[in-house]
Every structure is written in C-alpha cells, then in structure tokens.
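Notes follow once the structure below has been shown.
Labels run A, B and C following the written order; every chain starts at residue 1.
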Amino acid sequence: MSFESFLFVLTGGVVLGALYALMAAGLAVVWTTLGIFNFSHGAFVALGAYIGWQVGNVDGFALGHVLGLSATVLGMFALGILFQQMFIRPFERKENIVAATVITTLAGATVLQNGMLLIWGPRSKQISGIGEGSLNIGPLAFSWNEVALIVLVAFILGAVGWFLSRTRTGRSMRAVSQNRQAAELMGLNVPLLYALAFGLSAAMAGVAGYFVGSVRFINPTMGADPLMKALIVVIFGGIARFTSPIYAALIVGLVESFTTFYLGLYWAPAVLFAMMMIVLTIKPAGLFGTHQRTL
Amino acid sequence: MRYDPPFHRTNGLIPAVLFVLVLAVVPFVFDGSYIRHLIILSLVFAIVAASWDLSFGFGGLLNFAHVALFAVGIYTYGILAKTYGVNPWLAILLAGPAAMVFASIMVLPVLRLDGMYVILVTIAFSQIIYQGVISQSDITGGTSGMVTLPMLQIDGYRFVKDGKIGYYYTALALMVVCVGSIYLITRSALGRAIIALRDNKYYAMSRGVSEWRTRLATLALSAFFAGIAGGFYGSYVRVASPDIFGIGSLTLVLSILLVGGLATLWGPVIAAFVIILLSESLGWMGAWRDIIIALMIVAVMVFYPGGLWGVIQELRETFATLRAALMVRMRRRFERAKREGMLGLREEMVETKHGLIAVADTGASHTHTGPPILLLHGNSACKEAFQNQFAHFRDRHRVIAFDLPGHGASDNGDPEETYNVIAYADIAEEILTQKGITNPIVLGWSLGGYNALELTARNPQAYAGVVTTGTAPLNMAPDDFAKGHDAKSHLILAGKQYLTGAEATTFASHATVPKSEKSAFLHRNLRRTDGRARFYMITKLTVVDWPRHMRMLREGQIPVAVMNGHDDPFLNHDYIAGLQYGMIWKGRTTDIPNGKHAPFFNEPEAFNAALEAFIDWAAEARAEGD
Amino acid sequence: MSAPLLEVRGLSGGYDPIQIFSQIDLTLSAGESIGFFGPNGHGKSTLMKTISGVLAPWTGEIVLEGQRLNRAGERGSRRWRNFNYDVVTRRRMDPKKVARAGLIHVPEGSLLFPEMTVAETMDVAPVAAAGRGKSADRLAQVHDLFPRLRERLDSKIRYLSGGERQMVAIACGLLGDPKLMILDEPTLGLSPKLRIELCQAIASIKAAGVPLILIDQDVNFLTELIDRLYLFDHGRISGVLEKADIPSHEKLMAMLFGEPAA
C-alpha cells in the first residue's frame, strides 16, 4: 500500500467519522435529554439534505451554500420541534415512553420518508460540493470539499459543546437530562428545554444530511445507513459525555474506511457490528463511558 | 399476590374458541383465495407478534432482533428445503431451533445490559445477521435472495391448491398451537419468573430467580416460535429475501404488537388481523397509505396507550357499568316482593347525599325492650343476608339494615366519592338521623365491620355497642390488612373489579356458603354489585383513620364483641385475638363453631344467642362505666 | 387582616389509583412557619409534592398570596340515573409556575444533577428569580450561609456528601428568592456535625425572613423554628399544636402511637 493510498483512505475515514460524529452527537442529545431513542433521525438526515438541495442547489432555488445550509438548520430546527410535539410529547411521563416512542418515531420516519417521496419524487438528487478543486500540500492533494466538511463539522461540534457547557440554556438542558424533577422544582421550563434539545438534534441531523448529500446521492432512505453507523458510534463510545461519541465516530469511520479498502464493501459493516457486540459484551457502557444517562 | 385463575375459569375461553371457530368457517363462506391469503398472512404475523410479546411484553426486554430471528427461520427453511432437499415439514420444524441458536448467542451481550442499550445491541445483532446474509451470497443468494422454495404437500397434494385451503388450515393450526403454547408458558412457573424479572429484577433474583437462565429461556422460546413462523412463511411465499430485515417489516410487526397491547398476548393476535387487513384495503393510495397508517398507529398510541386490548377493556367497563345500572332498575321493579318476603318488612328508599338507599326498618314498637340494632352488610352482599337476625330480634329490638350504594337495591354511587369506608359510615349516620334512632348496637360484617368501627369511633358514647364479624381491625393500612388476613385465601377477589362467573362463585362460596337454595340470593347479589365498589373501596383504604378505631377498641370506649367463625377462611385469628381490647365481651374474642366467614348466616342460632347475651352485657358494662 | 401567604383547601391526592391523603386544609399567614410531624409512609412527602406541583392534585385548590396555583381540573365522576361512569379530568399543575411564584420545595433526598458542578448548578437555579433581580445579593448571602460550599464550587455534585448536596439544594432554592420554602426532611441521614451546621443554616434562613414548611422527625429541632406543628398520619392532619403546647419528643411519639405495650 502506497503512502498516497493510505492517506486517501485516512482522509476518507476522517470524513466519514466527522459525519457519523455529527449524527451520533445529535442522537445523544435526544437520548440523554428526553431518554428516548429517535428512529426518525435517519429521515431527518434525508429531509435536511432535501431542504438544502431545494434552497441551495441550481436545480432548486439556486441560492447557494450559505443560504442552503441556513435553511437546513432553521427548517430542521422548526420541523424537529414540530415532530417532537406531535410524536413524543404525548408520551412524556408515561411509563411506557421508551417502547411507545420507538414505534411513534418509526411511524414518524415513515411519514417523513413517504412525504419526501411525494414532494421530491423518487429520483436521486445531489448537492454540489461545498468546496471545489483540491488543496495541494507538497505532493499530497486533498479535495476542498472534504477539507471544508471536516472543518465545518469540527466547528459545529465545538459550538454545540460550548453551548452545552457554558451558556445557561445549555446548562439547563444538561440539568434537565440529569434530574427532571429537581429541574422542575427549580423553575426550569422543562417542556421548552425538551423541545429545544429535539430541535437542536434535528438541526444537527439536517446539517449532516447536507454534507452527506454533497458526497453521496439524496433519496428518502439515504439516512438509514448513516443512522446504523451512528448507532454503532453511540454504543461504541458510550454517552457519558458529549465528547465521547465524537472519538468513537472517528474510530468507526477509520475502521470502516480501512476494512472497506482491505476486505471489501460487504465485510466492512459486519466487522463493525461484530466489534460493537464485543465491546458491549466486555464493557457495556461503551469504551469511554459510564452507564449514567446524562449530557 | 397475583390472582391468576386458569384459562378455563376466566371469561377468555369462549371468545377464544369462537374466534378460532369463525376462522375455521371463513373458507366455506368466502372462497376467494385473496381473502385467504390475507388471513394466512395475519395468522403468521400473529404468531410473530405474540412470540415477540413473550420477550418484549412479558419479559420487558426491548428485543429488536425479533424480526431478524423470524428471517432466520425463513432462510433456514430455504437453505434446508431447497439446497439440501430436506422434507419441507421437517425444515419448518428445524427453523425453530435455528432461530433459538441465534437468540442464545444474542443473550450474551443482552444479559449485561438494561433498557435502551438492549434496543441498540439487538438492532446491531439483527444488522450482523443481515450483513451475514448479504455477504454469503453462495448460500443465501445475497441481495437477490432465494426464490422458488419448495412448497408444502402431502402425498402429492399441493397445499396451494383449492384456493390455498391447505395453507390456510396449516396456518390456523400453527397459530392455535403457538399462541396456546405461549399462553401456557406465561402461566407456568417460568412465566412467573419472566414477569417477576421484568417487574423487579433484583427482588426476583434475591428470591432465587436465575437471571441468565430466565432471560435465555425467554429469548430462546420467543425465537423458537418466531423461527417456526418464519419457516412456514418461507414455505408459503416461497421466497427468502433480505428485504425482510428492512425497517418496513420491523415497523409492521412492532405496530401489531403495540397497537394490540403489550403483555396481553390476545391483543397482538387481534391487531395482526386489523393492521394487515387495513393496510391491504388502503393499498390503492400509494405513498399516502403508509402515511395514513403511521398516523393512525400514533393516534392509537396517544389515545389508547394500552392498545386495542385497552379499548376492549374500556368497552368491557362501559358494559359492566351499564349492566350494573340496569340491574338496579330490574331489582327495584321486579324483585321487591321477594326481598320484602325474606325480611318480612316493607322496603323503603331513603334519599341520602350519596343517592337513594334501600332500607329495611322494623320501626319503633312498644314491645321493644332492648336497644335498636343496626346491621351493616359486607362487600358484595346485601341487607337480606341478615334475614335470620331480623326474624329473631324484631320482637324485642328495633332492627334496621340497608343496602350499601352499588349493592342490592340501592343506587350505584359516584365511585370517587361514595365507594369507601368513610362515605359508608356517613350514610349510616344519615340514615340513623333520618330515622331518629339513638344509641343503637352496631353489627358489621366484614367490610361492614370496618364501616361499623368507623361509625362508632366517631362518637363512641352515642352507641350501645359494636359487634364485628369476619373483620380484622387495623392500625395501619395496608400493612395490617396483610397481617389480619390470610394472604393465600380468595380474599384477593374482594378488590377485583370484574369477577368472572367462576370467580364470583368461588368468592361467594368462601364469603358465605357454597351455592344452595338458601344462599342463592347472596350469590346472585354478588353479580349485581357494582364492580367499582370493590375496586375503589380498596384504593381508599389508605385514607381511613385506622388508629382511631384501634384507640377506641384499646381504650374500651365502647362495649365490643368480636364474633368470628372459627373456620373463617379469610382471617388470621391469632392477629385478631392478639389485639388489645379495653371492654370486650367475655374478655376475649368469641369464636362461633362452623360459622365460616358469615356465622350469623351459617349458624344463626348460636350467633343470635351470643348476640343477645352481648347486648345484655353491653348495657351492664355501660352502666358500670358511667 | 392581609391575605394568607399559602392557602390549601380540600386537597386530595395520591398515586393513581391509590389515594394517599384526602381533604387537607392548611392556612399559613404571612411570616408564619409550620412543621409537619408524623410516621413515615403516611403521605407527608406526597402532600408536599402535590403542593409544589410534582404530582397532580385530585381535588382542591392551592393558593399562594391570592394567586391560584393549580388549574380548576378536578377528578370527578358523572352520574346519570344509575349509570355512573368516572371521568378523570385531573390536570397537572406546573411545578415551574409554582417555583417561579416563589414557593420553593426542596424534596427529600434530592440527588440534584450528579454530573454538574456546584457552580453550574447555582448558575442554572436562579432562572426563577431573573425577573426579580437581586440575584447577586442572593448569591453572596448563600455563600455566607454555606461557607463549606464556597470551597467546593468546582466539584461535581456526585462527589459531594449527602449533607453538602442538601446544602446545594437549599442554596439553589434560596437563589430562587422564595416567599415560602418547603424543606422535606433536610437532615435525613446526615452525620452529626453536618446536621448541626445545616440546622444552623436553616435557622438563619428563617431569621432572614423566609417562612418555612418544615418536615422532620426531630420534634425539638422543629419546635425551635416553627409557630405551629401539624401532626400528620393516615393521609390526614390529625392534630394541630401551637408552639407552646408541643410536648417533648417522647410524649409526642406516645401520643401518636400509643404507649408501648408492656
């Protein structure tokens, strides 16, 4: 294996890792705050990509990347809150919330996917690259698209991390995730914080979708595969801290990239899932985690 | 204790048999093979959902690999029957164990996890199976799957002939056997262990339930039935396709399970038919169909969290309420003469703040030399239970009794307000005031005993004495309730809202005597009682001022007699005898031989003699005290 | 006479379907502190949780300074002839609204937010008082009250001892600028030294003019701080004692549970 192909695989792994990290962090925000697993996260990814494509791309309103990405963030934030109010809010405080929201988020995903099919039709779309051309460092060439993607994801994750640990709203969100009753008794607005958390998660999924749309094709089920990977990431890394899924995402991205290169496309997922089963059997709380449910 | 009668003693047998009979007759009515096809699919998915209920609902394991295990069944059938030429029947049977093997591997990580992590690890596990199927295209056909699998046949008769009639009855038989087996499992010792582990893991483990053995059994058994269903499904659709791993079939089976109702077993079976027929009938709508069905599922989850089974229970409750309301009218209209004949008295309806109450009162008379006697009947009984006391005491005493609300000929009450010990005592007070009765002896039977204690404890000096029979006085609920009664008895039925026919007979037999001509009216009356009267009374036991009762007894504020049947099946006699009584007749509790739970009814002579002696003693004791 | 600070009328509640307490009436005039005493498991904490809105009340109303805190939703049933069907129209109260109105409840054994530091927790808490200002003063006051916490500002809550957690919980309550504080067994399971420290802090909170509803198992501690003692058992107030009439701990136990059997 030449150094160049190694570097190629490495960059591919980091790009994948960045996308998975964005998705996994979004999943973890909902999981830790609301205590549920959101199966419609994959549909959010697709929806975010469609919104971005519609607003930003030349075949849509052709308003460019900045507006496309902003529309994705704002649109997904609003849709996420709407979704939470419709499919999750009714089950808050119910005993069977975990089981009930599995089916309602699955149902929500069905609604979203079929809705996308009705609106945008079955033909796949693609968002043009965020950056064009390539960045040359000595003999090495990186595509600008990938570089921009990695930088943006790092920036977004950093911003979300800052929000959660430094601002009062972010801290309140963490407080709610750790002890709902105590938060209520202190006068925190729990329903609002839940809605915000879900909106934030949906916006992160939407951004991930926008980026995925720039490297792969957009269709209503495009989120299913990254969702599965993000799921591995969440299990793999544990969710003790906001940062642990990020490390795990990089590991998963790199492992996927390298196994695909060496063992072939079919084997890569099997290796990942097997790795995850082993990790869970040996260390149930994940590589970096304690079992605690918290942000 | 969970009261858990066998199936044939619940009201479930007849509907279940009817359901199967209707399905058995359907092919003779509709000969179109399409409707049969839908029913076959419904039957298969009923098995899948019901077996999932074993691990998901009863076991509380959020096991999302179930559909993948179903797929393992399909592929096992395909590989065995097609690639290796195994007899299809045998292949279906082997599909079960194959799924079990996969489930047993999955137990390893599941054992160490809880709640949401189980969801993730089981989804990952089904993804591994999926990836395995995709990558091993030599064996499984890869992404294109396996086609033209062998079909079922006997002696050359192909089951698909005659409009799939063979498949239809095979599926029906399979469903009956599988769901029946799952039902038996949930009622067995293993089933109780599974439920115990779900409800309180650590407590169950400390009582000797092995966690890993039970979870292994739960997952393996639930996989077994899913595998069998998969094998049959493979032989029916004759295709093994990796599409079955998709989110679509997961959503389908999960919605059957949850719309039906978790841990109900019959719910998913019904929901399988509802959802499959519904989704087929909306087939012409294209993408809108999935949206509509998804929204309907969410609506069911929001408005009926218990699923279709919850809807059925609500209908049942409405029906029972309606029935209780009708029965009051019937009793008042047609059976008044019979009731009056039993007591030899006119029945009057007295208006109280808790509704119309049926009262039997001998009225005041100059022949009365002793104090009036107020008789309070027990849970699910009626005032006519005291017919022997009326006959015996009416010459010397004014005797009065009334039906509690929700019982006998009285109104059904407002459950929240009326069905509790405090309100019952309020009613007694109100009736005594309206009738102008002062200083009575109060006799309470069972629940009536609590009412009697509550009534007299409010103002002990206003009553000549109190007699309890079949009652264990409490200092604290619910702790002492458990101490004062025999936990193994059928007392648990006393708080059950709906009693089946068999349960009603059991309870009435223990509370009084087995059904005979003499006691038939008590048995009938149990069926008339508003079920909520039982249920709400139990939920309100916590807010009664029990220490006041106990203080009254302990400090001897009132002459007391405790007359229980010495063979009362409900009571803990040692507890009752061990309490402190300040002013008790004979200085101890009195046992009536062979009295059972209703000595005044079963042994009237002995009881009446004792009561008479107590009344005389009570007057002396009061006089001495003053 | 001015409007009472807190008025509870005909309050019933519990954990559906089991009723825990019924028909509670309670009036607190301005500046008054009261105590609750009674056996464990008889509904004191459930009553407090209902007053602060964590649990939904079944019937009755809760009024703080003339402002009704719970909505009119009541559990009830409808009757038509003998067809009695019950309709549960129980509406949750909003604990946020209760806290922001100035009724602060520090529940029994609160774990707070295990993964957050003391400073972060205190930052989150005064959201309630944001409208009323003075939060800097409050913060200084809290630090004076609990000097122990000043040293532990950057520790995570999960590393604190039970007493320190209780202090943080009370401190957060104080930051909310309370008009009335409910302290549910604040000294439960503490070491003697911390207990004394906490009792002194509670006394100085009282001295600073915050009325208290105090639940505790130690009558002598209660007697120092309160104006009236409510005896609570079997889901009802079984007696009210004015401060002067409160007997010693032993006598009170005998009153409640009877003389121990010889």
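In this text, a contact is a pair of C-beta atoms (placed from the backbone, for glycine too) under 8 Å apart; a residue touches a chain by one contact, two chains touch by 3 or more.
What you see is a predicted model; the values in this text were computed from it and never measured.
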Higher-contact pair (C-beta pairs counted), B-C versus A-B: A-B
Relative to chain C, chain with the most remote C-alpha centre: A
Between chain A and chain B, centroid-to-centroid distance (C-alpha), Å: 45
Distance from chain C to chain B - Cα centre to Cα centre, in angstrom: 38
Chain C residues counted as touching two or more neighbouring chains: none
Footprint of chain B on chain C - complex, ascending: 14, 17-22, 43, 75-77, 79, 81-86, 233-236, 238, 258, 261
Sites on chain B touched by chain C in the complex: 318, 321-322, 324-325, 328-329, 355, 411-417, 476-477, 530, 532, 535-536, 539-540, 542-547, 550-551, 554, 580
List of chain A residues in touch with chain C within their complex: 168, 171-172, 174-175, 178-179, 181-190, 292, 294-295
Footprint of chain A on chain B - complex, ascending: 56, 62, 64, 108-109, 112-113, 115-117, 119-121, 123-125, 127-128, 131-132, 134-135, 247, 250-251, 254-255, 258, 262, 287-288, 290-291, 293-295, 297-298, 301-302, 305
Chain A partner contacts - residues on chain C that touch it in the complex: 52-54, 95-96, 99-100, 104-107, 110-116, 120-121, 123-125, 127-128, 169, 172-173, 176
